[in-house]
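Shared between the two complexes below is chain A, which pairs with chain B and chain C, respectively.
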Partner chain A sequence: MTIKVSRRVFGAGIVATGLVGTSGQSFAQGTPKRGGTLVATWGGGEPQACYVPAGGGSSPTFSSSKLFERLALRKMDGAFEGVLAESWKPSADFKSYTVKIRKGVKFHDGKDMTVDDVIYSVSEIWKKYAVASALTDFAGIESPDADTVVFKYNNPTPEFFFASTLCSPVAYIVPKHVYAGSDPVTNPANNAPIATGPWKFKEWVRGSHFEYVKNENYWKKDEPYLDRLIIRYVRDPAGRAAAMEAGDIHIGVFNPVAPPDIKRLTATGKFVATPKGYEEAVWSTTLECNMRNPVFAKREVRQAMFHAINREFIAKTVYYGYARPGTSPIYSPNKEFFTADTFKTGFDPKKAAALLDAAGFPKKADGKRFTLNLLAAGWFPENGKVGAYVKQVLEDVGVGINLTVPDRPSSIKRIYTDYDFDLAISNQANPSEPVPSTTQYFTTDGILKGVPFRNASGYSNPDVDKLVDRIKVETDPAKRKALVFEFQKITTQEAPLLPLVELESITLASTKVQNHSNDPNFLAASWGDLWLAS
Partner chain B sequence: MAGELVSPTPALRGSARRTAALRLLRRRLIQAVPLMLGVVIINFCLIQMAPGSFLELMTAENQVSDPATVALLRKTYGLDDPVWMQLLKYIWALLHFDFGFSYRQNMPVIQAIWIHLPATVLLMVSSIALAVSIGVAAGVVASMKVRTFWDSLVSIAAMFFYAAPSFWLGIMMIVLFSVKLGWLPVGGMMKIGGASSGTWAGVLDILRHLILPTLALGLFYAAIYTRVMRSSMLEVAQLDFVRTARAKGLSRNKVTIHHVLRNALLPVVTILGVQMGTVLAGSVVIESVFSWPGVGSLLFDSVSSRNYPVVLSIMVLGSLVVIAANIAVDLIYMWLDPRIEIR
Partner chain C sequence: MQRFEFPRFEFVGRFARNRGALVGACLILVVALMAVFASVFFPTDPLRIVGLPELWPGEDPEFPLGTDSLGRDILSMIVHGARATLLIGLFASAVATIIGVGVGAIAGYFGGWVDEISMRVAELFQTIPNLIFVLTIVVILGSTLTNIVIAIGIVSWTPIARMTRAEFLSLRDREFVQACRSMGMSDLRIIVSEILPNALPPVIVLSSLVVAGAILFESAVSFLGLGDPNVASWGRLVGDGRQLIRSSWYICAIPGIAIMITVLCLNLVGDGLNDALNPKLRDR
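What follows is the complex of A and B.
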């Protein structure tokens, strides 16, 4: 997953005060009111294009998800619900899925959405760009009739995996008549999309905002409730806070303002802040070991790195308590697959030192066992702070550290192209389905030079590869869950890459905004059901 | 690039002045060619030395891992050529007014810059106008009321605005005038969904949005001009021709405006030319604070995304602006003091 979101706000710390009281709160009251303009922002910058076929990061996902629609989505209660698909059903051998396409859906230019659009989107956009790594077993798609498509796979495909693919935030249905015969990456329509969603693109004032207007022909007859949706870009968190306080912006997702401003604004009673709406995009800060360095050949050395680090301290100090120690590559909010029954690499500096001694790396005369290059990816300022702390504690156990905090392009190049690091502090955002978003950090086929947010550590273990291959094809949910539990046990013990902390993200909204934070990936939701109270 | 001043000489008049000005203009334009070439080469080399490239970021964001696709992209963007060849191609393209293609905006670079240019030009012109008018006026007042309360007040204010970081000043003004008092908009260039920029209501709306960023950017330079103007006024006031003018019985105001002010403006004009580049750089910060959709924001984003064609083009255009400003300064010198000959 590509990361492109500023988390500067985490640097100053997200204070739980003012948030705790809202976490269980419902943000919908009374009968929806129609009309009005909602002005929204987010904690990052303007996207490179309104729609990026490959995803392109959180910013284009935020802007495009209000226009485009997916075949399905996942609800807060964990259930899957059809959007442009009415239903789907696996074959007896789970090698194909029959999907009924919703009838009566029109694109914003008035043309009907048909199975041809679905087939084009899946084979030309999903397979090549948007969800390519999830479609490695994909064998093709065909339409037996005008309302049905059949996804075919080379191997049995679990239902949860299939449904999760349909729900992927960038697995959109795009208009074939607009994209066919062009390079989707450079198609001019990416900057003025034509789609099926509740909002129609009206204008992009570069450097300022997107303006979307109500889709009068939207297939959900009641939605959208609002007349207009403005996505405004304000680079500076303080500027966002001021704009929200002045009433210019109603809602900000993904940590729009600095923590002291969250506290201050919620204290006025005019705003609410909530960590809800990020359950399918849980972020973490990770530490990964470059297996190309011979010192990491022994797993005890890798485990020692994690034993030396107090994750609780990072959560409390760097993230001001708005993070929790990570214990597994599957994150704790994941109700389907998380297990606490994993190998523990908790804070224990003495054990870290003992493991390093036993691995054949005693302290030398200068007090150091060996020296490592620690790269803290500079796309989030907090990573630099975590890096400074990790340097300190690893030096306490006799590991010399050269810390660098390069900017985003340099970090991507050094971690994922040049493999120019020994230890790297990076970030991930993973949905509930672990294949491939989580597993690709550990499998051999995830080692793809130049492709970010994959297996940069170079960790390759045939046992893990085989286990993941079994997870991919296990169609019995209980057995699959057990396999994912096993995956967590092995990877936490092997420790090539583990989360240091799981982060929580914040939405800040005016109390006028109703029905927000009602989707487990709210940033990527359509927002057709939001409305403004008087 | 302000030229070497040779003064005093007998004042040039009429057609002789025009001829001298044209000669100067021609000389400066010829000098600008190697200067621009140097700017292009240095900026190109600096960008080449920066780690990471736009191609790596582009393939990363588009999850492209296929070596054949990467090779094709490298060829498409001319990155498979040696660096010196890329430089020669870039210079050749520039000579044909081709600034390249911005993959990030998916449009020609010049179009991407053109979209943002009016906002920056407006901000720069208004800030410089504000800085010069306040700086000159305050400097004159301080020099006329030297060692009085007014002089101290102007000096303290100048010191404050010189010392205050412009981004901090901007945020404080937003808090006071936008959030607390609600008089002015928080940011942006126009009210979203408001009147069109082609109408009077639209123009007024832009002006309302322009006030705070102009103040935040312009007051720093106003502080500099105030200090320079004050000392320049005091220095010129001591010169013989001023004493002569007073001896002739001219009023104090007449002497100040017609004799002292005009000559005291020369240092301000010099700084103005030199600071065109720094005003552009300052606009990067101010545009960020006020969400002003100008070239500064584009430059910031382009550096972050290693969008080299855009970065280089902004650098080249910025250099052109500075060169043009300095040529203008030389010409203004000649107008302010006809005795000056610039070599």
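What follows is the complex of A and C.
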């Protein structure tokens, strides 16, 4: 299911063979074997186009990231590594960054990749589509010599923020000779891309699969190990489970099968399931209060909503344990910025009732304090179940609930365009860097009618806005971290939107597949280093 | 003047001669009683989480039919679901019958361009695949019980309209109708009190089948997750259990059987009504 353009999710996967993850568990053994065809799938549908310049959600990110490459990627251990960039360094005032571009890289059509392609990609694709919200301070890009570009900013730009921008999943280097002079959004090359990655586009059989073949001239020696990569789309989780069981599909990323099937398939010993590879794209299920409804004017009322909900129950029952209670808009796997020292709105129905009484909403004769429309976005079936549970617990504290579970387009329209809800259950995926993907749910400039996955609650607080402005320009990592901690304290206390649970995404793979789940956003990795054991 | 007499005892006798119909009617009665007394048997909200999730039938005596993936009592949802399911079936059939009889009667009685237009409109409705049409209406109007009823009614009226029109065509020039005309009766009165009662028996049979069809439509809509989430219905329960079909198949199977039995019984009742109301077929 493609939901959001998680613009600033980093990671790619041209990481060397046998990279061992933090838990010490690695899905690689022995020396890589060459050749063979890997068939992959994911827990969502076919994309609208193979490559969507603006991102277009996880589905085109998955299909395009095997072909295109970024300037840099983030590794499992948190370090940044150059891909098409060899290195980058800030100026003394942090208002410009000098980036050395890799030499000897060729596009799939045989033409050399040059600084012109980088300048075109950044100014025409990144700034306008791919990572526009991360480049609001961007002042331009120039090239002093044939293998250097300089990014210029209007304000000081933190190094972590800059590196994160280079690593954004759709911040690709595209060929200028293919895209210049056309509208990038409708360029036919988006459905048969020419890029620099380890895989070359061969064909797209609509409704069925993509076929990619080995790029013989790939700049990274030895990769890719496989001869062919097929991305197959299967509509139904039960169908994916059956195809994997039959050996037709080797690997499925992002929850390809239903939780009970994960247990059933791994029990056969032929499959492994892992939550690794999603550290830079952590998903959550969120509850937000529509500030346009006057009952939410007092923050105690918003807090009461969260106090009424047992997040443990949701994690355990709705998600079969593949989730953990959310405590902050910054998620717990975020090593840079997460803090447990936040305002707590834990499960406490009595406190919820007391807060509502104190806020001037006592129970009326019919046992209700007020009635709210609860919208659970229907793009994940679990959201409907969370909705059913939230309805029950809120009714227990005297809040009448009208639940609706519209389909994907109606949900997006009602939450992010019409603001037609009082409480909404939605989802988001965020990388470690909180600006702008996390902060835009809380800042006033995130209130953009009609733009999905922004501030739909209508929450506007000058203190939060000022704080986020300081986070944007603070170049001292320690001070920046302290500011992000403060941001978490305020937002958890104000509670316009909070995660109910952080989701644990699962990759299910045949034990034959080696070297998978070795990138903090494995879905968007290039997969040049994957190989199949016999 | 020929008058439609509801043939009471004779009717019951003829109906009961069809054993299948009798069994069907008895089971429908049971479902209807379940629907009526649902709140007596299970006073709490059937969508309340009351136990551990995915308890198998019989595992816990408190939940004889087990619990679903959230821990809701399946027996309670089946009993309350009977209410929603039957209500949707009856009201949707009523909507379809009212539209169908209205359009069919006018088209058949007046003929000419009125007939042409009505039948072209009916054809327009018939060319759109029913389920897709229902889904479209529900998505546009929103998933509430009323909208689902309206949507099913809108797609189900055409066969009733065609049947009514055919009956009207064959009746409108009979002597008793001509007699009424010569007496100066208004068109409306002739349609409502003279022709309609004679045209009704086959329409009643068809309407009983539309009830069965409506239940299936509602199940499909709920199965696809577009049902009213505030209401326990059987289709919704099947849809919720779909993900777990390999491990906890009873969540799908129990409401599935309930839907199957009810729809089968409604069809049997339809057959029985046909036997009882169509004297020509009486001794086939």
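Everything below uses one rule, namely that the second predicted complex is superposed on the first by the 511 of 534 C-alpha atoms of A that agree within 3 Å, B and C clash if a C-alpha of one lies under 4 Å from a C-alpha of the other, contacts with A are read in each partner's own complex, and residues count from 1 in each chain.
Everything that follows uses one rule, which is that a contact is a pair of C-beta atoms (placed from the backbone, for glycine too) under 8 Å apart; a residue touches a chain by one contact, two chains touch by 3 or more.
Since the structure is predicted, the reported quantities are computational estimates derived from the model, not experimental observations.
Asks: Considering only touches as defined above, state whether A:P436 meets chain B (first), chain C (second), both or neither.
Replies: Neither partner.
Asks: Once the shared chain is lined up, is A:T404 touching chain B (first), chain C (second), both, or neither of them?
Replies: After superposing on A, A:T404 lies in contact with chain C but is clear of chain B.
Asks: In the superposed arrangement, which partner chain does A:P275 touch: chain B (first), chain C (second), both, or neither?
Replies: neither
Asks: Which partner does A:Q392 contact after superposing on A: first (chain B), second (chain C), both, neither?
Replies: second
Asks: Which partner does A:R264 contact after superposing on A: first (chain B), second (chain C), both, neither?
Replies: second
Asks: A:A238 in the overlay: touching chain B, chain C, both, or neither? Say first, second, both or neither.
Replies: The answer is both, since A:A238 touches chain B and chain C.
Asks: Tell me which touches more residues of chain A here: chain C or chain B.
Replies: The partner with more contacted residues on chain A is B.
Asks: With both complexes overlaid on chain A, does A:P381 touch chain B (first), chain C (second), both or neither?
Replies: second
Asks: Between chain B (first) and chain C (second), which does A:V318 come into contact with in this model arrangement: first, second, both, or neither?
Replies: second
Asks: State which residues of chain A lie in both footprints, the one left by chain B and the one left by chain C.
Replies: 238, 406-407, 410
Asks: Residue numbers of chain A touching chain C in their complex, please.
Replies: Touching chain C: residues 237-238, 241, 258, 260-261, 264, 317-318, 376, 378, 381, 384-385, 387-389, 391-392, 402-407, 410 of chain A.
Asks: Could you list, by residue number, the parts of chain B that touch chain A in their complex?
Replies: 51-54, 56-57, 59-65, 70, 103-106, 115-116, 119, 171, 174-175, 178-179, 182, 185-189, 192-193, 287-294, 297-298, 300-301, 304-306
Asks: Name, in rising order, each residue of chain A that touches chain B in their complex.
Replies: Checking each residue of chain A against chain B gives 2, 4, 37, 39, 45-46, 48-49, 52-57, 129, 132-133, 185-186, 188, 190-191, 205-209, 211, 228, 230, 232-236, 238-239, 242-243, 245-246, 248, 406-410, 412-414, 416-417, 448-452.
Asks: Please name which positions on chain C make contact with chain A in the complex.
Replies: Touch list, chain C to chain A: 45, 47-49, 53, 69-71, 139, 142-143, 225-226, 229-230, 240, 242-248.
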